[in-house]
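Shared between the two complexes below is subunit A, which pairs with subunit B and subunit C, respectively.
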Partner chain A sequence: MKSYSPLITLLLAYLIMIAIGQSIPGMWQPVMLVIFYIAIGQALNVFLGMTGYVNFGYVALLGVGAYGMGVALGYYNELGLIPTLILGFILAAILALLVSAIVGGIALRLRGAYFAIATIGVNEGIKYLIMGAKIWGGSEGIVLSGILRKSFGAETMRFLSTTFADAGVIVVAIATGVVTAYILNSRLGYALIALREDEEAAKVMGINVTKYKQIAFMISCVLAGLIGATAWTLKLTYVFPQDVFAINYTVEAIVIVMLGGAGTLLGPLVGGLIYALLKYYLAIAFPGLQLLILAPLLIVVILLFPEGVVGYIAKKARGTRLENFVR
Partner chain B sequence: MLLKLEGVTKRFGGLVAVNSVDLEVEEGEKLGVVGPNGSGKTTLYNLISGVYMPDEGRIFFEGKEITNLPPYDRTKLGIARTFQIPRPFGSATVRENVAIGAMFGMANAGVDEALEMADDMLKLVGIYDLKDKEAKLLTPLEKKLMELARALAMKPKLLLLDELLAGMNPANINEILELLDRVKKEENIAVIAMVEHLMHAITKFAERVVVMHQGMKLIEGPTMEVLNDPKVIEVYLGEKLNVG
Partner chain C sequence: MKKLLVFVLVGMVLFFAGCAQQQPQQATTPAGPKEETLYFGAPISLSGKFAEEGKASLYGMQVAAKWINEHGGVKVGDTTYKIEIKYYDDESKKENVQSLIERLATVDKVKFILAPYSSGLTLAAAPIAEKYQVLLNSHGGASDYIFEQGYYYVVQTLSPASKYQTGFLDMVKKLDPNAKRVALVYEDGEFSRAVHQAAKEYAEELGFEIVYEKTYPAGATDLSPILNELKATNPDVIIGGGHFADGQLLAKQLAELNINVKAISILVAPTFPEFYEALGNKAEGICGPAQWEVGARYTPDVADELGVEWYGPTQDEFLAMYKELAGEDAVPPYQAAEAAAAVLSYAKAIEKAQSLDPAKVREAMNGLKFMCLYGLWQIDPETGKQVGHEMDIIQWQNGEKKIVWPEAAATADPCYPMPTWDEKASGATCGS
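So, the complex of A and B:
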């Protein structure tokens, strides 16, 4: 039942989205918004979807990833363009890895809701640490547009913050999908399913639950860090602590995962599409009222599909030829 | 000596659930553990499988001390169990459930190999037709069979069965007993089966029986001898057992 064929569906969806964005004027912006939301859903899904644990500090990982890239571009740009970018990605991954190793190492010893509560403080903690201790510019953040123009020229800067940033987001988004598919097909994936369903029984079945939770948590967090580095730092050319540690992204990512189907490969794709498109077009059609309309719509979808849209379809598809392409 | 317990004690607050129990199990042995409700049987199982750590005493498996080893490490050494109330991984399929046993048990199989082993085990216990069903949708009996398949897929040296036969009809019980016999002969697994009431089944299954009473080992010995012991009859059975 499990295989890599659902990945074909996922890649096709990305291709179609990119084609629409490139060929229809005015569509690139909403397409990139959708891909961003799919990516943050996909990265969170590796942890939330597969373990059932809610990480309320999720956006902090996007934030430290954004800082990783920001620090490289802001402070080490004399290395030259390409080495700086590579350093930025490495720093983003390492910062996310460090934070997740520390947070996971401590908080993952707690069960279920207690873990969620423990992670709530992480985001605010890191934000105020950066602001209060005046690390990396403190509350003024890192403003990159001037620095980048001076070091690499206006042309390169524009390329970095548009084409390169968008391509980066798309690559990271696809990578999170591939990683998810790999996990679903691996021993790790089976261990995560087992511990999500019954942690005590999983232990007796030979699964070191703490270890596997920690692995999933760190993978999820590093992917989030890379999204922060591309979708925020590169694209926006600034890093402000107030912006990158905004808790609403955590909540949106959770909604996307639940909407699409926790623990499924295609869930964040469907959830991200529904969520981002509704948000984008409701804001145009009913400016100021979008959240008032969005919230009840989401409640309706969740009520109709308690296991998420993809969870529902996958169940219906079981035993049919579609089975291999929905998961 | 496969398993050895030395003076193992477990307390829950003031209640001594298991009180200084010594137990020895040989390789490939079939041992029955009987005792009334609350006599400490399940706690004993939890101590052997590592769900609880004992307050006193030591546990050895194949001569190696496992007293403070976490359950997942004990599994790797070759201890597998079923639960009194089955605990399937509900949203996974039956086949995946059994494959998880093969992957993380002593068999330590890769994903593809584990899925193949799962198919074999499901055929063995006779629920191969249900392999693509979500485990939570099974009937209680099917869940028990799935747990047995999952435990066997782990390729254990010691299999702990917790009330596996309870609630089954006599035909099912005979099938399972035959199955266990076959598996035991083929793979030389030691099996400890725990029952509360199914004395007839235990006489057919076990070579040796341990009777638990109020957390202590009341008596142990050859099955028929023990079950007809006046002490056992007094505290547990209430009347003389007629097997025949």
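So, the complex of A and C:
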């Protein structure tokens, strides 16, 4: 059980964040912003961190997840509130699973940079498929608040888009952390780390690298889909193709993973905290100039901690009592 | 290495502490007994894809606030409020908008928020504004659906998408009751779809006949198959477009295929000077809707004639003040005028309500009607949708962009019917 103790640090961090959000006025949405960024980092980390493969189509999975929930709430809301929500989560997961099975099945046969190149088109492809084929509202997207208000009443709609959505994001974020911890301690994790370090050697040792890569990819993608369903569809109450298939989220997630430490459990937590807090406070203190300040700060952090902040701390903590709580 | 690390960490902690302390101090300005500062909050896109529009709207807001303060501020009871704009950069991102709206509503205790730019971001802001029961005034979100979701605290200052092409149809009907055949060719996008669906309904209401309707995908590079079909239907009037590139392509290919009609109105593209630069005198006579244009003749006199109250700077004052903020050569785009009008509408509604309670101000807005440099301001009480403001219809005449509709704002008579492509090829222009 010792190897699960870093989870304690993770859960503690969430508890502190939630407490801060609840007790200080005006801090709840910023805390949710941080948790959103941690979550997208955490879900990407399952694949990028463990295998070293960069998935440039990452945001597409958040997007299809958002659509899964959007379709359930927009088109099947006569089922009643709870069945619709359950259907939404299932649809989000299934859509993400489908996309990841297809993309992974093809692209994961490629190595390293070639995989990254193959995934670049995924996001644009799905976006234009939805817009061009006019499925699910096409370019007009799905606007939900009016529909929710009509089907479930104004109170329920407000509850869904605030309390429920926020709780959903937190649950998904924590779940991604738990899944990461599980993988790190499982046969899957060892196989992934082996193949990250040297894919040929891992193959020679008898590890079915394609299978393990595919599993990690699909887990990462389903988690991303659930984040899309909660943090976007439920919380924002609309799904626009241009908004959910926006490539900058992929880049942000990669930055967060690298910042915190790829392949570590707490990396995305630290990376997300640094990234989101810096962004939020810089936007408030220096509106319009924050990106100019943020970029050099991020470069400094990366230069100081080439293995990510958590990678560095874990190294320092080796042999101390803290060792068990940082990973 | 270790020292550097400590240094950076300490620096960051100090930095956050500084930020955290700085804000509340600003929010609680020392208050005199009779004169206080009233903050209007605004998440603005100063970076990201709406950076240009965001900057222009911020200048517009600041100009309006300055004008209000120079002209006696906002009076509620015997207290005079000076207006200040409290703004943050939302980076054109939906997540940031939600955090910033909450910050404005709780930390800064702002009751009146100017919505972020674009329909999507306004929609992201709406649930949070509604949660904290603060007013959200949309000056950059044109889509009608924002106001069909049942949000009470969300009101609109600019014309909704459904009104973009209706002014043009009114104009054609007035100029030529015999022009009946309308063809629609537009981009398959959320915005242009909303615009043209509404235009289609309105045209049918006015007694026009829709002889052709087709959409083309975003990023289309050849419209000739569609236009050849369109030519066969022999329309009198064409309306369409979407964004800049496709609007320009539409005009160019209409010329190439020599499709002559009496009037054309294209969304977005004709409002840019680059449209004329690219097409030369082929652009002559082409119309397009604009929320506002420099030169729109909304003046206190026009307001008098219409029997509504005038409020805010005149256009000359506005242009001068805008230049002070944005630089000598800056010409305000329509985003600046929209944003200014939103600030003015808050000031006017607060004075009318004699209260700073958002619910009371919202109620006062229901009966509010005034004119400013941007045009009329009046909302539909139930949805909050803008119904007073009319789109300006611009037309290229003799190499200049003229406002030809509505009559209250017009700077020139419409050139109707527009010259044919053959006439234009031999150098004809509107008014030559």
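Note that in this section the second predicted complex is superposed on the first by the 325 of 327 C-alpha atoms of A that agree within 3 Å, B and C clash if a C-alpha of one lies under 4 Å from a C-alpha of the other, contacts with A are read in each partner's own complex, and residues count from 1 in each chain.
To be clear about the criterion, contacts are C-beta pairs under 8 Å (C-beta built on N, C-alpha and C of every residue); 3 or more make two chains touch, one makes a residue touch a chain.
On a predicted model such as this, the values are computed, not experimentally measured, just so you know.
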Inset, instruction - Look at where subunit B and subunit C land on subunit A after superposing the complexes, then choose clash or fit. - result: fit
Inset, instruction - Please work out whether A:T162 is in contact with subunit B alone, subunit C alone, both, or neither, and reply first, second, both or neither. - result: second
Inset, instruction - Examine A:A191 and indicate which partner it touches, taking first as subunit B and second as subunit C; both and neither are also allowed. - result: first
Inset, instruction - Report for A:P25: first if it touches subunit B alone, second if subunit C alone, otherwise both or neither. - result: second
Inset, instruction - Examine A:I302 and indicate which partner it touches, taking first as subunit B and second as subunit C; both and neither are also allowed. - result: neither
Inset, instruction - Answer with first, second, both or neither: which of subunit B and subunit C does A:G132 touch in the superposed model? - result: second
Inset, instruction - Return first, second, both or neither, reflecting whether A:V178 touches subunit B, subunit C, both chains, or no partner chain. - result: neither
Inset, instruction - Considering only the touch criterion stated at the top, classify A:G146 as touching first (subunit B), second (subunit C), both, or neither. - result: second
Inset, instruction - Mind telling me which of the two, subunit B or subunit C, contacts the most residues of subunit A? - result: C
Inset, instruction - Give, as a whole number of angstrom, the minimum Cα separation of subunit B and subunit C in the superposed three-chain arrangement. - result: 21
Legend entry - Overlap of subunit C and subunit B interfaces on subunit A (superposed complexes): none
Inset, instruction - Spell out the part of subunit B that touches subunit A in their complex, as residue ranges. - result: 49-51, 70-73, 75-76, 81, 83, 87-93, 96, 99-101, 103-106, 110-111, 114, 132, 150, 154
Legend entry - subunit A-touching residues of subunit C, taken from the complex the two chains share: 1, 4-5, 8, 15-16, 18-20, 22-23, 44, 46-47, 55, 87-91, 93-96, 98-103, 105-108, 120, 123-124, 126-128, 130-131, 145, 148-151, 188-190, 193-194, 217-218
Inset, instruction - Give every residue of subunit A touching subunit C within the complex, in rising order. - result: 25-26, 28-30, 32-33, 36, 131-132, 134, 138-141, 143, 145-146, 149, 154, 158, 161-162, 231-232, 235-238, 240, 242-243, 248, 277, 279-281, 283-285, 287-288, 290-291, 300-301, 304
Inset, instruction - Write out the stretch or stretches of subunit A touching subunit B in their complex. - result: 1, 185-187, 190-191, 193-194, 197-198, 200-209, 318-319
